[in-house]
Structure formats: structure tokens, C-alpha cells
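A, B, C and D label the chains in the order they appear, each numbered from 1.
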Amino acid sequence: MVVDDRELKFSQAINEAIDTCMAKDPRVYVMGLGVPDPKGVFGSTLGLQQKYGTLRVMDMPTSENGMTGVAIGSALVGMRPIMTHQRVDFALLAIEQMVNQAAKWHYMFGGQMSVPLVIRMIIGRGWGQGPQHSQSLQAWFSHVPGLKVVMPATPHDAKGLLIASIEEDNPVIFIEHRWLYNVSGPVPAGWYQVPLGKAKVVREGSDLTITATSYMTLEALRAAETLAEEGIGAEVIDVRTLNPLDETLIMESVARTGRLLVADTAWKNVGFSAEIVARVAEKAFPYLKSAPCRVALPDCPAPTAPELSRYFYPHAAHVAAAARRMIGLSGDGRMAELAPAVPLDVPDPSFTGPF
Amino acid sequence: MVVDDRELKFSQAINEAIDTCMAKDPRVYVMGLGVPDPKGVFGSTLGLQQKYGTLRVMDMPTSENGMTGVAIGSALVGMRPIMTHQRVDFALLAIEQMVNQAAKWHYMFGGQMSVPLVIRMIIGRGWGQGPQHSQSLQAWFSHVPGLKVVMPATPHDAKGLLIASIEEDNPVIFIEHRWLYNVSGPVPAGWYQVPLGKAKVVREGSDLTITATSYMTLEALRAAETLAEEGIGAEVIDVRTLNPLDETLIMESVARTGRLLVADTAWKNVGFSAEIVARVAEKAFPYLKSAPCRVALPDCPAPTAPELSRYFYPHAAHVAAAARRMIGLSGDGRMAELAPAVPLDVPDPSFTGPF
Amino acid sequence: MEREILKRLFSEMLRIRMVEEKIAALYPEQEMRCPVHLCIGQEAIAVGTCANLARDDYVLSGHRSHGHYLAKGGDLKAMMAELYGKVTGCSKGKGGSMHLVDLSAGFLGATPIVGSTIPIGVGAALGTVMRGEGRVTVVFFGEAATEEGVFHESINLAALKKLPVVFVCENNFYSVYSPLAVRQPEGRQIFELAKGYGVESHQADGNDVVEVYEAAERAVRKARRGGGPTFLEFKTYRWREHCGPYYDNDLGYRSEAEFQEWRQRCPIDRMKERLVRESLLRQGDISEMAASLEAEIREAVVFAKESPAPEEEQLFDHICSP
Amino acid sequence: MEREILKRLFSEMLRIRMVEEKIAALYPEQEMRCPVHLCIGQEAIAVGTCANLARDDYVLSGHRSHGHYLAKGGDLKAMMAELYGKVTGCSKGKGGSMHLVDLSAGFLGATPIVGSTIPIGVGAALGTVMRGEGRVTVVFFGEAATEEGVFHESINLAALKKLPVVFVCENNFYSVYSPLAVRQPEGRQIFELAKGYGVESHQADGNDVVEVYEAAERAVRKARRGGGPTFLEFKTYRWREHCGPYYDNDLGYRSEAEFQEWRQRCPIDRMKERLVRESLLRQGDISEMAASLEAEIREAVVFAKESPAPEEEQLFDHICSP
């Protein structure tokens, strides 16, 4: 099909996923700050209110906690809300409802009700988003039984995973990285799912396994390219669903390569990257040829000044250096070469601030 | 000194720590639901209001989020609040203030102010506390730079660590396990500190290292005793401070024993136990003789029925079984023998519900 | 008011009282191993409110929910079995006293985080509107819940969207052992909070079931015809300890005199006197009623005690919806 | 009112306006690489309020804080350097525009999570009372912050403890692009919310600096003599886009006519007319004032641009207090 070759931006893929589900199922509705406004959550909700009306596409009061409860309540009586937060950080106000209520409602009432709720949250980054607008808290949500946690890295997966999340009967935490929003890629038209709980080998290799989350998948792929030029074959796995984790795929890969590197968008300490390392250490220990390694944020709040954020965010060069060290080579070889072409506080040259 | 031989209950040790600090420093004050009430937060705040008055020992509205902000604000202008929550679960309402504000205030304003705030939170367990009254979320707090995280296991450490926390200039998350409250142990009179950031070898051994948090330290010690009878020498490390973690002590131990078992009070998946495994795998890989192993809660919400909580909470027998398997023996050997003497939903025979 | 309604209000209150007394009597056996928050003394609010609801209207509640569950028509056996932690419980033993539910009766759930079911109730109301249903949703909560920010977020949304929801605040003056004076400003009545949102708001005697019934009737009718939310504050008193089966006035957080004053205003005694005075019921009728309730309750306890406990593998049931 | 005060109010407003205009002019150079929320059009509230405060009184604010910072006496150079991400910035570059602070001026901090500095301000007030200080604390926030539960929790506590705090709500009718109609119930004025707590509460024209000054004067005086909190709602209008340097009426979320109406009510023009009318200032004085402000601002920009950026190792400074 020719249509399947079309390219969409990540934000458009999200938009199309919502549109597809709303057209298909009248129970699906969207709620969030600024959802129907002229910017439409960085484009991801543009045009939906025009199409589906003010009842199904709602702005809301700045009441993150209460509105999450409202979403849960509506889900209990048969609706399928999609709640949107422009930053993960704002959603911290709603943790009680997400974790005590949404995550447990099915379990604590013996399976009688379910909470088909998708909570979209965007991780901010760069252009001085700073300490309170750029946290990447997937570890938190993944720690809580009853929540599914999804982080797409490509437009194709964004659409397919979001459709699967909306059609899922459990609460899904759907985390989108702001730096992916302008990335384009092939996105099939119409309805399709990328199933939850399945990771994906996005590049094959036999010398080490790099498992990556969200935006770090792109950095891992860039690293793998350079490594390949040096004769190192890095297999890159895009985790895609953090909970439930596709342990099988990761173990199979590590059993083949004998080496594990984890690249995550979050802080290293007690982060999601620790879980992958721990599982592999527990379950694939005999296969490991060298110590596993994490490339993640240093354990410090996100600074605002662009000069500091340059040192805060690891990128392809860090991944490649870590990989080289795991293989027993010197890490620093070609660091400079892999440094990003654009200033490190914007995702691409088209981005001129402020959000 | 004879007084140093006296025994106190964990709850009394906490009480004494607060009392000691309040007597010493007029800036210290206590705030929390029920703090001055006749039960005094399970005894831990009894008598303080009588001694220090209503201004320094305050009850509060059921407004966890706002009151945490209030505590922060008072800390910024020179007070040293101790905030108390009877359950970790209630404090989820205050995550935004803890994580966006308290943890980052020092950093995001370039080090000009500090937030000397202690947040005490109790982990409920048993007697039907169920899904919303027994969460153990130390992994979350440990993930956030700027928060120190402490979990004492003995009355001695409870007092010394709490004094150190109150005198610390940064926000400290101080997590107390309800099942430790009635445990007695030697507690020196007067002022003393147990420094933050230092783990402790509570039993020596050369066959494997068990690192444990909070109440699981007691279960680990019970397991170590049985293991010793079987000729297996388990070294038990009480982590005490989860962030910053005393990595050195753990590495040294694992370098000697070659084996790591982590026993934690929380869910396994993306839990704090994963961090210890990950660090050891990264940094002590060459020393490891077998795969590391986690003994932690299964990844499911806490059930209420006592019959189910029996299967939910791992105890000494599980730790011992895991240790045996790591050594290459059959795990199940003496499971029954190590099963606790009291029903598994109460900490000790004196406990007759409901809290 | 119709005689049949008066009699029904009385018998419902008596039923709840007798269930709670039975729990208090059996609790020391230590077979109900979960926290229980008894509503003895506060029965009129649950009964007077729910008497205005259809079976498919929704109710949500918090930690002190036995009365609301029963008044809405929740199954007694399933509740007792839940307290005993049995698979036959309304939540299959997963929840206990603090997590009751009976979907067939429109009791959508109760959870014990103070204030947290308020937005969920408002969301249920929003959901019914979106689905074009004519249901009304009632959320019960204590006065301490009005101190949680989420209460305000919820009532703001209910007012904004004119949702068919009735907020029922049971003001029993205490949150655990803490009096109102350490939690809310002096001289301000709770029902005035709602007025700030432009929400119709009333205060009434929560120990007078007829007063409750009438206030709730107006609120429910208004909600049903699309008139939006109402906030009702009912003053009342909890007789027993906050959590558990005993009396606790000896603790000193409230006075025996205060308790006795409220004890005199027992909603059930007051109604009984009226019914007898107006010859709607004779003492004999009441004894008969009590005997049949006693039999029903005893049967529920037997059912609960004899039901099987959950098995190990059920621990992992229902973590996620399939 | 004293002439000197009137002149000071004017010059302070003009200063803030000129700083903001300078930021707007320079922002497209892309050297200030952080979100900026300009307060052009809303200057009267910051100035009229802070003119009543002593240097050691406290002020807290949110995302739109430049005006509050400057009106409270915050250092201009340090602010500009902060926007340019330099070590000489008031937060050493760690914070940017959304995290201003100047302790020496009593500006205790601004952070951009809507509503979150409200309880922190109340806590500062509590702290000053505990320490026996006579300071007053003012918290500035937008009308959207009154939708956050934490606002309610905070005002409840302030009322309960009669704290010396003044809540200043700048109602500019929009939260980003969202009008009040999708967020708060129709026909209810924001200042009425505070009344539910028994807190004294007033509404006034936020574009009339004298009206602001007088309302704040009463509130600050009351707070200082132990009379407790006051809530002030000032209606006003943001001229430029929510975040960033441009105008955005073309987006269609608000009308050009509405904007023009408010443009006519410019607080600075209004004050200038009065000063000239009453012969307190001549046009020449004003030009001189503007010229000297322009020089000050230009110097601050030069300072900011020429200051060094933080070094790599400074990334790890200040994670924890030593």
C-alpha cells in the first residue's frame, strides 16, 4: 500500500492515534490542560475538538489531582479517558490518584471493575526547561503493579502503542519525549496496534546489547552506527513497554552478545535502567562476558543554563564510549565526532524556543 | 555507662530523638496529623506537646500537600520542621512539594537556601492494612537527587539516624516500618548521631552478602542464624541510608563473599533492590561467583485478607532459601521451621489490631 | 411524609446499627483482621440520603462506609465475608472493610484515602452525563475531607459542568482524635465553603433522618433534572472509637459529657419515639423487626465465617484486567 | 496619597515595563535560552503591592515573576544574568527566568509549578511567627492557581493560624490559552472563594496602581498587626503571548478587540496622565527617567552577556547542602 509509505511527525502520529480511536469508539474522550487550544499540546491534539466536539475533547481547570480522579470515575462507569499533561512534573500533583486509586482499583475490588485510562505525559528537555519541567520518572510508574508503562521512540510505534494503550483495559502511563515530537518516520494510515509488552530489536549486532528507552533509542542507534564503522556490532533494543517488560527478548539478545548496556532518559540511581541490569544479572549471569553498564542522567536536578545542560544529558558519544569500554577498548576515541550538530539544548534546528 | 544498657522500643527511640533535638534547638518543630493526640503516632510523639507547647508540636488539617509546602516555607526562613505521616500512602498527596520543591530548592537557586526538613513516613503492614495503607516506596524517593533517604532497622539506629536527619541541612525522607515499632533494643541516653550515608555490617560471614533494608534486616538476621547452623556464613548488611548509598561497604563485602542477595521491604520490579544489584553488577562483576538475587515483594498490590498477606510478604525462610540456592544447594530445606511463630499479619503477639 | 417511608427509614437505620453492633461484638474474637470504622450514631445520614436514590444511581464513600453500603442496598453477606477476608467477600477478600463495593446496587466503591473518592464520584457523574444516563451520584465523606485540596478541585469541576452529583459531608467534629479547632478556622461553617463555588449548599441535623431525607430529596431531584450539584453538611457524632470496636472517651480527646449529649440524640431512638408516638409502629412491631434483622445478620456472619479463605494463587488474580 | 509615592509607583512600573520590553527585543537573538513569561500590562499589581512592604518582608511568586522580583527590590543585573544562564545570575544559572530569587531583598523565590509556592509562602509566614519576627509575606499567583487544591489547603491554614500573609491573585482571565469559562463556574467571582474560609477578601482594578496600593496597604497593615490573612483579586491583562516575546492575538484564543480594550487601560499610561495632569511630573522628567532606566537596563544586559557561563563541574554543585 502506498499510503503506508507516508511519513508523519511523532506529534502527528499521536494525533492520528487519538483520532483513530475516537472515530472507532464513542467512549473514548480526551481531557487535559490546553488540549483544545491553538497549539494543541505541541500539535498532538490539534483539530480534535473541531471534529469531536467540546464534550469529548475538553480543556480542564488546573487541578491535576482532581481531574485524574474525575477521569478514573468516568472510566469506572464506562468511558475511556485519555488524560494529557504537558509535563511529567505537573502530573506529580496527581500521583495519589494514579498510584493509590487507578493502579489498584481492579485488584482491590476483586477484579470487578477496570480503569481503561491513558495518561499521556511529556518529558520536557532543553531550552532552559530546568529542574521542574524535565523530569523523566518512568521508574516510578514502572515500580507500581497495576500500571502499564509505555515509552515510544518512533512515530510508527507512537501511533501503534497509543492505539493499543487506548484499547487496553488497564491504566496506561504513556510517556512522550519532547525531543521526539519533530522526528518524522513512516506511519501506516488507519488502525493498527503495536502490542504492549513487546520490545523490538531495532538494529542487530553480536558484540553487545544496548537496551534503550524513548529518545535514548535514537542516540543508541547513532552510537551503533559509529561502533559498526569500528567493527563493533551493537544490537539495539527499543524497550517500548517498560511494564510489563519484554524480558524474553532482552535475555535472548544478551545470551547471544554476552554484554548489556542500558541507555535511559532518566536519572541513573534507582532508575529504570537498574531494573534491566538487575534482571539480566539475576537471570542471564552465566552469559555475561563483562560487567553491565548504564548510561543515564547524572544524579542531579536538571540545570537550566544551556551550558550546564550540555554536560547533563548523555548522548550517542557517551553510549559509544561506554560500549567500547565494555569491549575492552579505550572509551574516548571518537567522542567529539559524535557530538550533536545542533546546540545541545534544542532537539533540532527548527526549534527556536521557548517550549 | 549503665544508662547505655537500657532497652527502649523503636517507637520510644524515635520519640527520644525528637525530644533530644527539640530540647537542643528551638528551631526544631513537629507537625503532622495526630501528632499531639492521645496515641501520639503509635507512641512516637507522645508527651512532646505537653513539653514543648502547641506552637512547636502541632496537629494539622488533612492537607498533606499544602502542609508539606508550609513545612518547606518555614524551613526556608530558619525553622527545622519534622513532618509526620502515619502512612507512606497518605504522603503521595504531597509528592509534588517533596520532589519538585523540597528536593530541588537548594540546587535550583544556586545553593543559597537549604531545606532542613525531615519527613517521617510509616510503612503499614498486616492486619488488613491492604492496598492503600502498606506501600513501601523508598525506591521513589531514592531516585530523586536532593532527597536523602533513611530506613532504620533498630531502636539504636532509629534514634541516632533521626537525630542526624534532624540536624541535616537537606530534606530527609525517614521511613519507619510499623513492624519495628514494638521491637526493643539498647538505646544510649542523650544525644548521639548515627551518620547518614553509612551502612553497617550487622553480622559477619564469608559465603554471601545479604544487604537488607529496614524490617527485612531482622528477617535476614533470622535467616543468617539458620544458615549458620547449616554451615553457611551469611554476612548481613543493614543499608540504613538508601541515598546516599554506602556503596563502599557493600562492594567490600561482596568482594570478599562473591555473592549478593538483597532483601527489601518493597516491590521487586524497579525497586530499590534493583539498584544494589545493578551497582554490584557494574562495579564488582569480577568478584561475583553466582548470579545476584533479590528477595522482595511480589509485584502485586498488597491484599487485605490475612490468608493472602501470608503469601505476599517474604520472610526469613525465603531469604534462607534464596541463599541456599545461590550456594548451589536446594532452597527449600527448612522452610517450615523458619516460618514465623505468630500469625503472619501481626508483628508480635502483643499486637491485636486494628492498626 | 408517607408512613411507609418513615418506617423504612427506621428499619434501615436499625439494620445498620445492629450490623455495626454485631461487628463490634465479634471483633475481639480477632477473626475480622482488618481495620473497621463503625458508623454507629451516624446512621441517619446514610439512610436518609440513600432512600432518595434509585438502585442504578451511584454512591461512593471512604473509610467509614458500612452504613452507606448497606443503605444503598449492598449485599450484607458479601460485606461480612469481606470483613472476614473471605473469597465470597464483595471484593473477594482483597479489600476488607475499607474497600467495599456492590456494583449491582450502584455502590461503586469506597476507599480509605481521605477525600480521594470525591473526584472519582464527580467523574462517575461526568461519565453518566457523557453516556446520556439520568443517574445521580452521591459521594459521602467526613468533614476532614474538606481540608484536602482535591475536594475543592472536585466541587469546582462539578459546578463548572453542572454535574448531577450530591456532596454529603458528615461533620462529626473529629478526624481521628483531632477536633475541628486544630484543623479549620474558627467561626466558619463547612457548608459555606461550597458557596464560594456558587454551589447550593445546606446544613442540617444529621441525627434527624427526616431532615436528612428532605434535604437529600431536594438535592437529588435538582441533580436529576440537570440543575447541578448540591453540597449538604450534616452534623452528627461518632459514638465509638475512630477505628475499632470500643468506646474511647476515656482517652480524653473528647468529653464524656459531649458524648452523652449526642447519645441522647440517637437518630434511631428519636425515630422510634416518633413512630410509637404517632402509632405507626408498636413496641411489638419493633421487637419483631429487630428479631428478623438479628436472624439476617446472624446468617450473614455464619456465611462469612464458613466461607473459604482465598488460596495462594489468588494473590496474583486481578493485578491487571485481562 | 503622597506625591513621592505616586512618582515612585510610576517609575517602578516604567522600569519593569522597560526591562520586559528589552527582554522581548533581545529574546529573538536566542541567547536567553529559557522560557520567559513577561508581565507587560500587569505591572501595577507588583508595584502597588510591593510598595507597601519593607525590605525584609517576604515575597514569593510563580512562573510570571519578573515584575514581582523587581518591585520587591531584586537585583536587575543578577536577574538578567540568570536569564542568560550565567554564573553571575541570581540562581547561578541553575534556575533561569522561572526560578528567580534575591534573599537580600526578601524575594524568597519563584518556581513555575502553578500554585506550589502558595503553601511555601504560608509556611514562610508561619516561620516568621514562630521566630517572633514581624514580617509580612506576600504570595503572587495567577487566577489558574486558585484551581489547584493546594491553594485551598494553604488559605485554610493561613486562616486557621491567622498568619501574616497576603494572597495576591492576578486575574488576567487566561491560563495559557484557556479562558476562565472552561475552568471555573460561571457567575462566580474568584475573591468569593476566600470568603468561604472567613478570610477577608477584596476585588480591585489591577491596572490602577493606586487602587492596588491602597488595597495592599490595608492588607499588609492588617497582617502586620496580627490580624491575619487577606485575599486580593486584581483584574488585569497580559499583553504578550503566555510564554515568549511576541504578541499572539492572531492565534484566535482571544480577540483583538478585547486586547485593545485592555491596551487602552495601560496602567503606566494611566498613571503618567495623572502625574502630568496633576503637574507632579513633566514630560521632560519622564523622558529623563526613561533615559536613566534605559542606561541601567543596558548595563545589566551587558553585564549578563559578558558574564561567564557555568563550568562543567558546577553542574554538581549544590545538589545537597554541605
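Operating definition for what follows: contacts are C-beta pairs under 8 Å (C-beta built on N, C-alpha and C of every residue); 3 or more make two chains touch, one makes a residue touch a chain.
Keep in mind that this is a model prediction, so the values were computed, not measured.
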If a chain touches chain A and chain D alike, it appears here: B, C
Whole-Å separation of chain centres (CA-atom averages), chain B against chain D: 42
Rounded Å distance, chain A centre to chain B centre (Cα mean): 31
Approximate Å spacing (C-alpha centroids) for the pair chain B, chain C: 36
Where chain C touches two or more other chains, by residue: 89, 91, 93-95, 99, 111, 113, 147-150, 152-153, 156, 160, 182-184, 319
Residue list for chain A, restricted to those that touch at least two other chains: 60-61, 63, 65-66, 89, 93, 96, 100, 107-108, 130-132, 145-146, 299-301, 303-304
Overall pattern in which the protein chains touch one another (line/ring/star/complete/other): complete
In the complex, chain D residues that touch chain B: 58, 60, 89-95, 99, 101, 103, 108-109, 111, 113, 116-128, 130-131, 149-150, 152-154, 156-157, 160, 317-322
Of chain B, residues touching chain C in the complex: 33-34, 37-39, 58-66, 89-90, 93, 127-133, 298-301, 303-308, 311-312, 345, 352-355
Complex contact set, residues of chain B against chain D: 29, 55-56, 60-61, 63, 65-79, 96-97, 100-101, 105-114, 116, 145-146, 148, 169-170
Touch list for chain D against partner chain A, complex: 30, 33-36, 85-86, 89, 91, 93-99, 111-115, 144-145, 147-150, 175-178, 182-184, 243-244, 251-253, 309-312, 314-316, 319
Of all residues in chain B, those that touch chain A in their complex: 65, 89, 92-93, 95-96, 99-100, 103-104, 107-108, 130-132, 135, 137, 139-140, 142-146, 242-243, 245, 266-267, 269-275, 277-283, 285-286, 288, 290-294, 299-301, 303-304
